[in-house]
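Before we start, here is the structure in question, set down as structure tokens.
The letters A, B, C and D name the chains in turn, as written, and every chain counts its residues from 1.
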Amino acid sequence: MTLRIIASGGTFDKHYNELNGSLGFADSHLPQAIARSRMTINPALELLPLMDSLDMQDEDRQRILASCQAAKEHAIVIIHGTDTMKETAAVLGAANLGSTIVLTGAMIPYEIANSDALFNLGFACGVAQILTPGVYVAMNGKVFPWDNVQKNRAAGVFQNL
Amino acid sequence: MTLRIIASGGTFDKHYNELNGSLGFADSHLPQAIARSRMTINPALELLPLMDSLDMQDEDRQRILASCQAAKEHAIVIIHGTDTMKETAAVLGAANLGSTIVLTGAMIPYEIANSDALFNLGFACGVAQILTPGVYVAMNGKVFPWDNVQKNRAAGVFQNL
Amino acid sequence: MTLRIIASGGTFDKHYNELNGSLGFADSHLPQAIARSRMTINPALELLPLMDSLDMQDEDRQRILASCQAAKEHAIVIIHGTDTMKETAAVLGAANLGSTIVLTGAMIPYEIANSDALFNLGFACGVAQILTPGVYVAMNGKVFPWDNVQKNRAAGVFQNL
Amino acid sequence: MTLRIIASGGTFDKHYNELNGSLGFADSHLPQAIARSRMTINPALELLPLMDSLDMQDEDRQRILASCQAAKEHAIVIIHGTDTMKETAAVLGAANLGSTIVLTGAMIPYEIANSDALFNLGFACGVAQILTPGVYVAMNGKVFPWDNVQKNRAAGVFQNL
């Protein structure tokens, strides 16, 4: 059993554009982060269109679902924006795919000091290989079932309902 | 159930001494790394004497064992040097403690560019909360049972026997 | 002769706010950057209100001018946003203060990967101690007189008129 | 007038070898550091054999001298180990080349957290373009003439004789 990592954007992959001073998307940081992890299990990396999860439409979530359905691997990590991570998790959870799917992201972009991105990637890659099939959110060092999780925006942390 | 993180040194925590140009130990990077992880499960951090694992003696491994025996938490992550991680894992494995104990470390120190330390910490903190009781080594994005792991020094990776 | 460093904000000091995902201002990075420089000349650090230079009003430039006038040091480095660096330089240049005043900033914030902030700080702290009295902009590894400089926004670099 | 940067090794360019845990030399960090500086003056980069300055022999200093003599540029920055920076500066100073030559280095390698390398590079690239011809050491935010400088090893700083 190996691992698939699907990048869909979110804070994890935000990039600073020095020409206009904004945070947006360019090349994903996942290839660098995966190389840095020194994972020997040879994970597959699938780059979907990178976007802010507040901009995600139904079709974007369906694209993620289609990627999970097509995956040969039974352990899947999805890098996703935190603001609607729960909504995408619900779409995947309702599909009953039989794989272990773990959504994670970051509160601070990978390229910014003090980022939690690499920790969260490691955490998700670990639990995705061990949890029983199902859909989970992994943030703040904790695993949440897809139907019992919410982002507390004021505190900037994930918690149970 | 919460988590205990025990720091014993190793490459993860090596610090560059600018006065003599050597890599050694000073304050642990674990408080900063844990803060950065934004873990809400409030892990306990226990700082043992930090040392290169090639310098570890029997009494140093017994100290780590004693810390695991005294821990109230049933999930324990031990930050350890990679060179004798297997030997300490064997001491803990033989003790049959009934907890889930995960040893991890790093190939590049936390404070050096391109370090795997934060990924490995995240990975270990994840699997330690889910694996059945036992002693494991978690390196290179993979979980190894304590009695079926070795470091391939030429390649710089962990693998099964 | 020692050195005064005046922080007025700009990209150099932008900070990522993880609660709302925006780049704004919090504590200045200058104390950390100065410590990191290991300067033994004991520079004075003066923190003015940190702001995006596009938001600067006349009174903000007058505040910077007043700081330069009050400074005991004859070498002054001003950390400033790049978009109106030229305008502030013109206010200072017209005042004929008799000190060497060097404005610098960054294209990428100090806390973001690949930032030019620390290079620019070093460059400015060097030339401010050597240039004859006057007002200069130091960016892109080059010194510009205050009345012969412009930011090429499309290319993201400073150049002569 | 443009700028030549000559890399000869030293702490600035030390690289962590993850296979044996030692600090040595591999590819220079100068190409990355120069790109990061966004210098538009198009500096020439010359990579000499990278070495610890404690290992430098007469022939190594002669090689640096030959590079300075052959340089078309009249502003030269030399990246050098701190321990014998003074000795190389004396060789260059005695040669009376008519160029402005600035030796700099770092107390912490470029790739290690809290490094002064990028600050020192910026500082040296600035003063090298402005100082009158001669040979200088630029460290700790200060310019020293080649014949009035020493490293205080206990404090880890450069100072006058």
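Just so we're on the same page, a contact is a pair of C-beta atoms (placed from the backbone, for glycine too) under 8 Å apart; a residue touches a chain by one contact, two chains touch by 3 or more.
Just so we're on the same page, UniProt names per chain: A, B, C, D = Asparaginase.
Every value quoted in this text rests on a predicted model; they were computed, and no experiment measured them.
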Subject >> Given chain A (Asparaginase) and chain C (Asparaginase), the chains that contact each of them >> reply: none
Original post:
Farthest from chain D (Asparaginase) in C-alpha centre terms, which chain would that be?
Top reply: A
Original post:
When the centre of a chain is set as the mean of its C-alpha atoms, what distance in Å lies between chain A (Asparaginase) and chain D (Asparaginase)?
Top reply: 43
Original post:
In whole angstrom, what separates the CA-based centres of chain C (Asparaginase) and chain D (Asparaginase)?
Top reply: 25
**OP:** Calculate how many whole Å lie between the centre of chain B (Asparaginase) and the centre of chain D (Asparaginase), each centre taken as the average of the chain's C-alpha atoms.
**Re:** 38
Original post:
Hey, what residues on chain C (Asparaginase) touch two or more of the other chains?
Top reply: 107, 114, 156
Subject >> Touch list for chain B (Asparaginase) against partner chain A (Asparaginase), complex >> reply: 3, 33, 36-41, 43, 107, 114-116, 118-127, 129-131, 138, 140-143, 156-159
Original post:
chain B (Asparaginase) touches which residues of chain D (Asparaginase) in the complex?
Top reply: 11, 14, 16, 18-19, 21, 23, 107-109, 111-114, 153-154, 156
